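The structures considered in this document are given below.
First chain A sits with chain B, and in the next complex the same chain sits with chain C.
== the complex of A and B ==
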């Protein structure tokens, strides 16, 4: 059994850091909810009671196709941690050469053989954020994205932006209603459809198109 | 954290400029700093557990906050880079990174092609790890918990190394580093030829550097120059006495 103590420590540190950032951003009168502060802000918290199952959150870096996106990451901490790397996977769909667009699997050396116990969940998440800034198409996880990145960068950027827009941004119900209305449906029907499908935009659209 | 606090409170630090005027003061000051460091170490060990309480009660200065976010609770800087706890049976790699012996042993035993320092990826090996023996150090509880961990590597001891700065039997000039002057007698009537050399009078400007730890190396150089100059003066007197008294002088030596 390897120490849960270290995991607890990391968690505490992350929570403290998050608290600090929130308070400072309140002080700076910037938006405290989206936390789009210039600092490399990452968050993580445990899922349920299981100390070895976390969810991480990273914010799309500025001046990239992922700007404004909020990406959720599933983190599984193996028994041998910190001597073995944590298993990380994007929950949020993302269009990136080193991240599978299907499964969210990540190709990053420090999450494989370059892992060292001096790294932490926090530093690994920051590395992921850096990976978003600097894709590595020569060592791809998703061959299709990598091919597009190399052959048609404009298209890649467009796709990545669209994916960020569609999957990585939290939309209010009003936003969704507006979007559906733009497609030519009346407002009350849009609202009804969204309500019926638990605010799932795609299902609502299917319903509107089908019925 | 504790050290900086103590340093701030050190009354001698604030009067550093005045102390330079007084020759004895720098030595005192050095001693004071030494004891401060010592206090810090024992303090750190003693209160590893109490630290957390202190943190709560202590007024949250800026420095304090930095520490709280940089390292987690407890012994501030002496944390193992692997378990993030205060290092138990500490060892340090040749690249200077601190670990618990049990932690780094587990890392070394991972099935890996190369053995690298977790922090800087410099090569490490079990043999080159240096143990840190602290006062009243205790065994790591994990070694008792049934894990098969050998004893940590022992420190490497050398035979005594001769001190090059120590001038044994310094002869006429002595090794008068601590005093500020010395007396030199010559010839048949020592009293007549007694010369009272005083560092302060002759090399007054050197006073500023003395005892000021940062200039220690510099000091050493100037002292050598002084000795050379003194030797020249001495030889000049020898020559003069030879001229005036002929060979008689040497009979009395």
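== the complex of A and C ==
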């Protein structure tokens, strides 16, 4: 039984969560005390027009090395869903013992043998968020990260924070301009280069270096 | 700090390039090997799963989900020269036929639902029907009160409830034909059995204190042993689903000494319908007089 109905409902729920986050952040500015942090929310949207291919978004939990990071998750929904788990992989690079630093593959029991149809993609994303709070180095996906976690926790935390900083934070155009200016290019030329390449920092830099 | 950031660079280099200095290479190999071992380990798990799936497939092909009514003597013949052979003589004093179930981890649920549904097709006026219908209608709220996502359970709930309501409209003579169709496929039958599993999980979680001495962490137990598509059913699940629905079972369990042990759940104080099941270690079939 192809169950697109359920997938549609799940998507709608997660898209509404996205709307709520926007409202919440807006309200937060005027009334910062009473409202819940939007970072507890998880979101998802569809990729192109394939109902079975989504991108999920989770926010790095507070008081972890991933705080402030926005992590994108590639989600493929198999034909046997909800009897088989959704296939999830980190698109955003992340330094975590249970997530491959190379491929983004995730080691989490509920995405494998402990998946049940009682779970949803939303609950799976929330479990990923929980995994960021509580790494399990004894059941690693990335041996190198797990080894570092166990042998040199400080270095692990430093690396994880650096990766969050470098890969999981959205930079504003101003940030990018500033970065390019630090390399010695004049402001107006940096702006022009970024504009020309749709704010792609690397392409703009290549252009500046080439030109 | 300096060390840290050079290690950080090292990490990024590892991903970007394969050409490294000799000293670094030695270290890299060690790292790669560990990762390889890890990958190897995961591949092995995958292979084991594939093998199990293949075995399952082979079993499936040998057996229908639920058989036609079969003479009990066929089972005795199959258990010839086995320690359980004599059990079937004793069983034959009370039962003459059996519907055999596919060994796919769902045999209890499928046999139980078949007999319960069959009973209500044959006895539409049984007051138990309305009692169970009431429980079923309330089950969505019960599950949601336990934290289940409405989206996750409603397809299962809707289908189960619809089919339970439909039982009253099925002609008695068509009971077996209807149920063999309803419960023997890889589509709606999977949904119906899964909802039965949710009902068992519901009772287990509602009465967690009663069960945790036997099954450990009840939420974990439900996730691993109840809500999975193909994990077979043990006594806690049977106690749970029968209690939740207010139904009974009579389990005829074969004994190594050639006897039959009759286990009634609930044990006493219950006079309603009991599904009659045969239990040989690891498997349930449905019994008929």
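Criterion: the second predicted complex is superposed on the first by the 164 of 211 C-alpha atoms of A that agree within 3 Å, B and C clash if a C-alpha of one lies under 4 Å from a C-alpha of the other, contacts with A are read in each partner's own complex, and residues count from 1 in each chain.
Definition applied: a contact is a pair of C-beta atoms (placed from the backbone, for glycine too) under 8 Å apart; a residue touches a chain by one contact, two chains touch by 3 or more.
For clarity, every value in this text was computed on a predicted model and none was experimentally measured.
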{"item": "Side-by-side fit of chain B and chain C on chain A, or clash", "value": "clash"}
{"item": "First, second, both or neither for A:79, with chain B first and chain C second", "value": "neither"}
{"item": "Partner chain(s) touched by A:48 [first = chain B, second = chain C, both, neither]", "value": "neither"}
{"item": "Touching partner for A:184 - first (chain B), second (chain C), both, neither", "value": "neither"}
{"item": "Touching partner for A:16 - first (chain B), second (chain C), both, neither", "value": "first"}
{"item": "Contacts of A:210 with chain B and chain C, given as first, second, both or neither", "value": "neither"}
{"item": "Contacts of A:162 with chain B and chain C, given as first, second, both or neither", "value": "second"}
{"item": "Which partner reaches more residues of chain A (counting touched residues only), chain B or chain C", "value": "C"}
{"item": "Touched partner set for A:144, first chain B, second chain C, both or neither", "value": "second"}
{"item": "Offending stretch of chain C which, after superposing on A, collides with chain B (from 23-31, 41-49, 95-103 or 149-157)", "value": "149-157"}
{"item": "Set of chain A residues, in rising order, touched by both chain B and chain C", "value": "3, 5-6, 9-10, 13, 82-83, 116-120"}
{"item": "Chain C partner contacts - residues on chain A that touch it in the complex", "value": "1, 3, 5-6, 9-10, 13, 82-83, 95, 101-102, 110, 114, 116-120, 122-123, 140-144, 147, 155, 158-159, 162"}
{"item": "Chain C residues touching chain A - in the complex, by the definition given at the top", "value": "3-5, 7-8, 11, 15, 31, 34-35, 37-38, 148-149, 151-153, 155-156, 187-188, 190-191, 194, 198, 201, 223-224, 227-229"}
{"item": "Residues of chain B touching chain A in the complex", "value": "68-69, 72, 81-85, 97, 103, 106-107, 110, 112, 116, 118-119, 121"}
{"item": "Complex contacts: residues of chain A adjacent to chain B", "value": "3, 5-6, 9-10, 12-13, 16-17, 20, 82-83, 113, 116-120"}
